[in-house]
Amino acid sequence: MQNVKRIEIIVDSPEVPSLLKELTHIGVSGYTVFHNITGSGDRGERRNDEPGGGSGNSCILLAIAPEKSDAVIAAIRPILRRRGGVCLMSDAQWVVH
Amino acid sequence: MQNVKRIEIIVDSPEVPSLLKELTHIGVSGYTVFHNITGSGDRGERRNDEPGGGSGNSCILLAIAPEKSDAVIAAIRPILRRRGGVCLMSDAQWVVH
Amino acid sequence: MQNVKRIEIIVDSPEVPSLLKELTHIGVSGYTVFHNITGSGDRGERRNDEPGGGSGNSCILLAIAPEKSDAVIAAIRPILRRRGGVCLMSDAQWVVH
Amino acid sequence: MDLTLIASNLLNPPVLFFFLGMIACFVGSDLEIPQPIPKFLSLYLLLSIGFKGGVELHKSGLTAEVAIALGAAILMAIVVPLWTFLILRKRLDINNAAAVAATYGSVSAVTFIAAGSFLSQLGIPSGGHMVAAMALMESPAIIIGVALARKLGSPGGTPVSWSHLLRDAFANGSVFILCGALVIGAVTGEKGGKALAPFTSDIFRGMLCLFLLDMGILSARRIRGIRQFGWFPVVFALAVPLVNAIAALALARFIGLGPGDALLFTVLCASASYIAVPAAMRLAIPEANPGLYVTMALAISFPFNIIVGLPLYMAIINRIWS
Amino acid sequence: MDLTLIASNLLNPPVLFFFLGMIACFVGSDLEIPQPIPKFLSLYLLLSIGFKGGVELHKSGLTAEVAIALGAAILMAIVVPLWTFLILRKRLDINNAAAVAATYGSVSAVTFIAAGSFLSQLGIPSGGHMVAAMALMESPAIIIGVALARKLGSPGGTPVSWSHLLRDAFANGSVFILCGALVIGAVTGEKGGKALAPFTSDIFRGMLCLFLLDMGILSARRIRGIRQFGWFPVVFALAVPLVNAIAALALARFIGLGPGDALLFTVLCASASYIAVPAAMRLAIPEANPGLYVTMALAISFPFNIIVGLPLYMAIINRIWS
Amino acid sequence: MDLTLIASNLLNPPVLFFFLGMIACFVGSDLEIPQPIPKFLSLYLLLSIGFKGGVELHKSGLTAEVAIALGAAILMAIVVPLWTFLILRKRLDINNAAAVAATYGSVSAVTFIAAGSFLSQLGIPSGGHMVAAMALMESPAIIIGVALARKLGSPGGTPVSWSHLLRDAFANGSVFILCGALVIGAVTGEKGGKALAPFTSDIFRGMLCLFLLDMGILSARRIRGIRQFGWFPVVFALAVPLVNAIAALALARFIGLGPGDALLFTVLCASASYIAVPAAMRLAIPEANPGLYVTMALAISFPFNIIVGLPLYMAIINRIWS
């Protein structure tokens, strides 16, 4: 087992591709995306019910080495600042397989 | 960064509106809801396959200030007690943006 | 409240039934499954867009007693080793209801 | 009993697709129609049946005959949950008894639709107001079920919000789309009916086949789990539809319904809800076990009515009415 | 204004289903059409309307008349966002003003489709090139809106990638499927048109009913939230379509469009986008509030055009053209 | 090669929508048909093709000719994965070679359906039993592929449950719905066929267009990633369909199939599975890379057969058969 940082980022669905691009850019190779998420925050309610789609949230989950977490946060912070969204970090153990 | 409590609540999908109402009532303004979740617990399997829909679970994720967590738990506990469901709490850091 | 281990396992959707069977076998009775998840890891990108379906990931969430966690991990490790996927474990509190 | 009736029911494509779904599940096929496709199909079926019923109603008008049929429908929707509750209380606790009673007091739209498809295969006409009867029979049992659970249940139970409950009973999605489409059909009449016919009529049977394929899968999945509840739910789910059907046939004869309308009225009374009622019960009587009441309605009474009930009820009608 | 026009619009099944959706929301019904079904319906509608337009265009050919209509369409797609921006700046900050201007400069495909259904109910013909006009009017406003926000906005705003933006404007899914199906229709002509007619024409109205049912629900949900923005957006969302409609009618008369084409041209100018533009604005002007521009387009201008606008514009055309 | 054949294939709306999907992806449009809509479309297509094949089979009956055609189908379904495995082992490890061999040994239902649509455009008849042939050809390659991987692979590999595997091979959703609908069609015959025709026939081509639009998007997405695997998979995915097609044409001529049936038989042998086989391989040979075998089948062989193969094989048939 290995200590990792568990980072979960909740953003507008249309942001996901650019965020993932940014993350890939700084060397994050593994990630998981949860789709079809609704919610509410500073920018009001997200109901994911617009006829054109794309009006819901997604959640990106990352498990990364603790020493990499600063770089990841530095990369996503400006995006979150500009476009809203939430980023939570906690400690977890990667059950090496 | 800021210490928060990360609370995740897994409940029957039809419970979500009333739970959110309760949460809004006690001043929780941010939340995230994951849809299309199945599972199993004391009340048997939830397969989300009934023709009328609404037979699956949803997951509500909250990031709240630690001092608020007692109020939140006090509010949702009676609902969970009556209707089943699971509530997990852990520590996390909110990556302030 | 009660200390538990929060285990989340991200695997190919078609793996879920056999994993759940394994977990049930060793006495895990409660679990939650998140569907419609995409991601990327050692085995490349999972886009969940193949016409036959089943090419996405799912996420299994378990809250278990800490003393049971070793058994669970022992059970799922060989599956993960063979078929890929990620397993994260962290500490949480079960808000007893 | 007439063998050609059985054959013409069993050779009806929708019923065959229902079997196909069951077989898929029994042989372990991974065949499934993922959500929200079934929800879409069910919306489509309710919209179409409601709309076509409205168009028919526009033609026939609101006659005394129609009013009597609707009255009989409401009567049965009140009587059935009450008498079944008395039976159920012998074996089940109050909450489960109330939820099962509500389930059997309400109706299954798909059984009704399958009966309509069976009739049209036989060339027997039926009236558009039977759709209105179905709409009227959906909700009363919900109210009665919850009232029974509240009145007789432990005082510490879930407090119930009656305004919420009434809304859930009368404004739930299935009831609403059915009634709404009925009104729209009645308002636009034959002109609107013709404009929508390719959608609401021509492709209807095919959509029904797809939906029943899904229903077959869902029924079969639940049949396996039924054993845990013992023999009582199984016997109840087979016997009660029969008893309700006989009562309905007698009443239909008494008020002078035609053979087609009589069959539709009978399947309404004999069928149990697995869409509107479970949705309401989950919220209003969460103490009851959906694994029980959904399984009884979906895995036993529904296939029973579709496979055995339709030709059986029709055979009785043929004998008595002629 | 002609009462029969109002009646024949209000008795059109699609409009009635739109009302039904609104009522469902107002009475608190849980009726909804879950994603991705609405997305599927919208793809279907765009594909069908594009394809049929292409087949028509194949018949008529690219005449001078067609070219003039398309030119007028582009003209309005450039003028409308500019003049509305001037109005909007009086009350809104630059980002929101630009986003709302883009919304109203673009078009609503469903309003266009409802107008087509209204025309076919009245038996008034229209040309396939109006679909091409719609396709041309979808995107320019996106470019103009973003350009305005960038030029006039604070220098610290989101840096914009113009290549991305052009792609989002001209290759977004809605515009793409519409144009693509138009080209396919024009290439395959009547033979292809006939082969697909059961899909693209016969069941079209029914699919439109289902989609408008959903639109009714979505509109009604948003109407409640509109108050938080004050009176300005409401007045704007009612008045600006009218003003644009009048300008469009004048232009249509000036360039000699027939009555059917004139109505379609008018609703294109009067309608506001709630699919393509919001999708683009979310990415290009994330500082603007979708709660504002989607609500204005979807909850006010869309119902206004569907319910009041169609018969009103048609009445004006009937008076002036004859 | 006959130019009119190429033209009538390229001007076929389904093929044009396939191109449209590819273009959408190449120009970076966000056009997509979200799951589970494609799954629904694929279920619909399989159900319809199976049902119509069954109805045809009911008409023709089980003649010696039919039995010979089915025998030839099984023969090819066994031979193709074996010989392709020999080729593949030169460049790929055992697991990937076995998975690719299984992919090419099985068939692509959509290619078959596109061939049927191509034939009906040309007015060439074909027999319902070819659908049965397709059903028979879906599964053997799965068994052979896994057997090869197990026999020749490292002993430490995934232990395989043969009972599971047989179920996955013969009871997977696609095979099951196809066979089930075939049986239902054969049982209900022309009466059932007529009742479902608006659903299974009239709107069929439109649904096929939508599905091929999606397939175009998916193919194009994967074409970009193909380079990482080098030239071998590309050459294989273009050459092997051709070789299999030639073998199939010779066999079809030898056993005396008519021109329509010969084309269908040829595309069955030339096509590769990207639905049933990948689903099985993910479970049975997880060591193999889906990025390789799905991409080869979906991004190269599928477009090749649809665009080049259909007119090419037909031209050969026209020359030899006449």
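By written order: A, B, C, D, E and F. Residues from 1 in each chain.
The rule we apply is simple: a contact is a pair of C-beta atoms (placed from the backbone, for glycine too) under 8 Å apart; a residue touches a chain by one contact, two chains touch by 3 or more.
A quick note: this is a predicted structure, and the numbers were derived from the prediction, not measured.
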item: Those chains which touch subunit D and also touch subunit C; value: B, F
item: Set of chains whose contacts include both subunit E and subunit A; value: none
item: Label of the chain whose CA centroid is most distant from the centroid of subunit A; value: D
item: From subunit C, the most remote chain by mean C-alpha position; value: E
item: Centre-to-centre distance between subunit F and subunit D (centres being mean Cα positions), rounded to whole Å; value: 40
item: Between subunit B and subunit A, distance of the C-alpha-averaged centres to the nearest whole Å; value: 19
item: Junction residues of subunit D, two or more chains touched; value: 32, 34-36, 39, 198, 202-203, 279
item: Touching two or more other chains - residue numbers and ranges from subunit B; value: 34, 36, 53, 90
item: Those chain pairs that satisfy the touch definition; value: A-B, A-C, A-E, B-C, B-D, C-F, D-E, D-F, E-F
item: Subunit E-touching residues of subunit D, taken from the complex the two chains share; value: 35-36, 39-40, 43-44, 47, 51, 167-168, 171-173, 176-177, 180-181, 184, 187-188, 192, 195-196, 198-200, 202-203, 279
item: Interface residues, subunit A side, partner subunit C - complex; value: 1, 4, 6, 20, 29-36, 61, 63, 90-95, 97
item: Subunit B partner contacts - residues on subunit D that touch it in the complex; value: 32, 35-36, 38-39, 42, 110, 158, 174, 211, 214-215, 218, 221, 274-276, 278-279, 282-283, 286, 289-291, 294, 298
item: Interfacial residue positions of subunit E with respect to subunit D in the complex; value: 11-13, 16-17, 20, 23-24, 27-37, 121, 198, 202-203, 205-207, 209-210, 213
item: Subunit A partner contacts - residues on subunit C that touch it in the complex; value: 7, 10, 34, 36-42, 57, 59, 73, 76-77, 80-81, 85-90
